[in-house]
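Below you'll find the structure, written out as structure tokens, and then a few comments.
For clarity, chains are labelled A, B, C, D, E, F, G, H, I and J in written order, and residue numbers in each chain start from 1.
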Amino acid sequence: MLFRVEMTVNLPASMTRAEASDIKQRERDYSHRLQREGKWRHLWRIVGSYANISIFDVRDAEELHELLSALPLYSYMQINVQALCRHPSSVYDDDR
Amino acid sequence: MLFRVEMTVNLPASMTRAEASDIKQRERDYSHRLQREGKWRHLWRIVGSYANISIFDVRDAEELHELLSALPLYSYMQINVQALCRHPSSVYDDDR
Amino acid sequence: MLFRVEMTVNLPASMTRAEASDIKQRERDYSHRLQREGKWRHLWRIVGSYANISIFDVRDAEELHELLSALPLYSYMQINVQALCRHPSSVYDDDR
Amino acid sequence: MLFRVEMTVNLPASMTRAEASDIKQRERDYSHRLQREGKWRHLWRIVGSYANISIFDVRDAEELHELLSALPLYSYMQINVQALCRHPSSVYDDDR
Amino acid sequence: MLFRVEMTVNLPASMTRAEASDIKQRERDYSHRLQREGKWRHLWRIVGSYANISIFDVRDAEELHELLSALPLYSYMQINVQALCRHPSSVYDDDR
Amino acid sequence: MLFRVEMTVNLPASMTRAEASDIKQRERDYSHRLQREGKWRHLWRIVGSYANISIFDVRDAEELHELLSALPLYSYMQINVQALCRHPSSVYDDDR
Amino acid sequence: MLFRVEMTVNLPASMTRAEASDIKQRERDYSHRLQREGKWRHLWRIVGSYANISIFDVRDAEELHELLSALPLYSYMQINVQALCRHPSSVYDDDR
Amino acid sequence: MLFRVEMTVNLPASMTRAEASDIKQRERDYSHRLQREGKWRHLWRIVGSYANISIFDVRDAEELHELLSALPLYSYMQINVQALCRHPSSVYDDDR
Amino acid sequence: MLFRVEMTVNLPASMTRAEASDIKQRERDYSHRLQREGKWRHLWRIVGSYANISIFDVRDAEELHELLSALPLYSYMQINVQALCRHPSSVYDDDR
Amino acid sequence: MLFRVEMTVNLPASMTRAEASDIKQRERDYSHRLQREGKWRHLWRIVGSYANISIFDVRDAEELHELLSALPLYSYMQINVQALCRHPSSVYDDDR
């Protein structure tokens, strides 16, 4: 099942450069793993913002929440989720 | 170049059932053609709404506007466009 | 899978009293059927508004969209959908 | 009487991990108690957010405010309350 | 139980002067009756708007919805409802 | 002259429990005095929020601003003011 | 007592040119009269909009509502009112 | 040329009482000077808020920005600017 | 003096194709004239919308309002105006 | 390809005057370079705000994001980006 997810990151001013670098590296590793597993199907940067638009392909909302709440940056993100379904005019097999 | 496009349709109450049926058929045909040409890369239905979220892959904003303004339903849509770019953590070759 | 759905109805001024009465009756019948099938799990009126808050229990977003778009009042509603999941502090077996 | 309540939690950055763990445990205990007493009738997690949607069944607004303002996390929450009433199409006895 | 209710009226352009005059008279009569019965406790005009702020004193949300949905102008109003409760600093006996 | 006033309190995280307790006590005393003088005509708690809805009866906007800006919690409040006037359908002598 | 008033005009499409011309003339006459009487103290056009920002000097909210609701264009306006008072740094005698 | 300017002040919690007192005094002096020079034509307090509505009369936007950015409180203000022009119904010579 | 102007067009459904074609032609001619006179300095289409972003270079707000209110499409537009001034980091002579 | 970019700066209260002075100087130098290279085509100050409206002329969204994210003030800015295209009524060769 597909979800559009929009994440906006706000790192606290008190976070040191080393902490920020470490947490971003762990975020990247985690994101790579979910992408390779086929759960995080698309990932785009919003131009000019520390934010992304993503498409997740998961079993259900339960699994999506588990994956999102395990993001290393989870506490520093505002996340917006929207359930998607197949569009009757879509010709793509994987847009569902 | 990639754009996220969100289209919400509002057909006027005065449109007859036949007119609506005809314009939706032309919209579907046009959409199929753009999808086959690779310009309309993704197309999802927003659950519970006469609306979609799409990803367009076009040469530039000029081409996007030409494609969108030629939509049969263009006069009855509210369209929101957001420029995307490659996310540094994306592992996908076609997310750009 | 659970969804919170909020529906607000706006009947067009041009609809006759008989048409309104008929479509509301069909809406009620359809709603009763979905409730008896266990798909429409809760249905509350928002005080002072021609609107409701509902909980749907469906297979996935695909099924939810099918059910909602078949509502007799669908063309006259603004619908807002939010995916829910189990809360770790919930003691209820059916809140999932 | 039924109320839809939406709670969004924002823990201050200055709160230690131990303090957070303690207050969350007390919140869970308190929530369990209200659920067992039948006052907190439903409790769902909003996907991707440190937030919930709940249904409370209380004598009146006075009792609801007492229950909410006694939540251990009360000072760290934004709470939105909406009065509900029975929907004429509802078939459920307890949706009131 | 007390509720703050805000009503904003939008009469359709197609309503004749006679129809408007008639419906307003019925609205006034109905309002007078509810005020005399002690259900509609306060009623103020918002300066410069065809709108009011009211305080209702009713048994519960069920009764409030019955009273509001029977307003002659109900179909032409946008209504916003907020549950109130006693303020710990209030010295008034009837502010509850 | 009547005003609807809505006050929402945000105490800074740095305020100690003793300071909070002291300022709230002074707020209560001040509020009691204004209520007894007939200037602060109504005071209700908004359910689930550290906020109130009030009705002030003052000579003019000048006096209202003097009273509000002397509130002990004034620096920690967001205040919204709306001028009211007599509603033609009101039967109450003191709703003006 | 001073109020900032913002009026935005929306003439219905069905109004004929002659009707519009007539109602605007009556609006202008009425406005001139209130200005000469010192009640409508300032009147500015918002650039690029069929809207104005005004300062009214009236006895109280009651009088303001009487003056505004007698505007020939009243039914076609959205009006926003804000109570003003003397600023402690103002050097002007008539800014109160 | 006339501008409506709305300023809302937010002093940081870390500012000492002496600093606040000093900066407010300098703000007042600066404001008095601009009023005497005829640049700051009106200055009203918004009731219940640490905010004002002002009318500036300046050569152009360049001069307005110079005057505003030199306000002692400038770093602590949110400022909203709107260009005004003469209203065709105004009878006042200085409302332009 | 420079202004950013944003115009969004909404043609009424009742306008015939011939009327629309005629008014758009007059709009284009008028726009060309203002551009050649150097008053309408920039004109861009917002992608996917019947809207534009423009930069006007005029004597003052008075002249801007005259030019905008003479647009053939003026009655069918929502117009938003923002005063600009020279940015201290700009290297361009005509960005003022 | 053209983009309208709006940047609003919020320097943290903890930044020293020397740090602020240094980062602003680097911002200015960087801005000058991009303007001389023809990438940052226009730069205006929004009157009364620490904010600007800019027009960028870049190869695509990828290049725009690289340029913006390299701004010395990038971490302290809220940035809003809108893709532009040629307006059919524009007479300017460089408005594309």
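What we mean here is this: a residue touches a chain if its C-beta (ideal position, glycine included) is under 8 Å from a C-beta of that chain, and two chains touch if they have at least 3 such contacts.
Keep in mind that what you see is a predicted model, and the values were worked out from it rather than measured.
Name, by label, each chain that touches both members of the pair subunit H and subunit I.
G, J
Can you check which chain pair, B-I or A-C, has more C-beta pairs in contact?
Top pair by contacting C-beta pairs is A-C.
Taking each chain's centre as the mean position of its Cα atoms, how many Å separate subunit D from subunit E?
Here subunit D and subunit E have centroids separated by 29 Å.
Whole-Å distance, subunit I centre to subunit J centre, using C-alpha means?
The separation of the two C-alpha centroids amounts to 23 Å.
Taking the mean of the C-alpha atoms as each chain's centre, how many Å separate subunit A from subunit I?
For subunit A versus subunit I, the centre distance works out to 40 Å.
Quick check: how many Å separate the C-alpha centres of subunit F and subunit I?
46
Among the residues of subunit J, which ones contact at least 2 other chains?
Residues 2-3, 45, 47, 61, 64-65, 81, 83-86.
Pull out all the chain pairs that touch, please.
A-B, A-C, A-D, A-J, B-C, B-I, B-J, C-D, C-E, D-E, D-F, E-F, E-G, F-G, F-H, G-H, G-I, H-I, H-J, I-J
In the complex formed with subunit E, which residues of subunit D make contact?
Its residues touching subunit E are 1-3, 60-62, 64-65, 81, 83-86, 96.
Under the definition above, what is the set of subunit J residues touching subunit A in their complex?
Those residues of subunit J that touch subunit A are 3, 5, 12, 14, 61, 64-65, 68-69, 79-81.
Contact residues on subunit E for subunit G in the complex?
13, 45, 47-49
Mind pulling up the subunit A residues that touch subunit B in the complex?
2, 4, 27-28, 31-32, 35-36, 42-47, 52-53, 55, 82-92, 95
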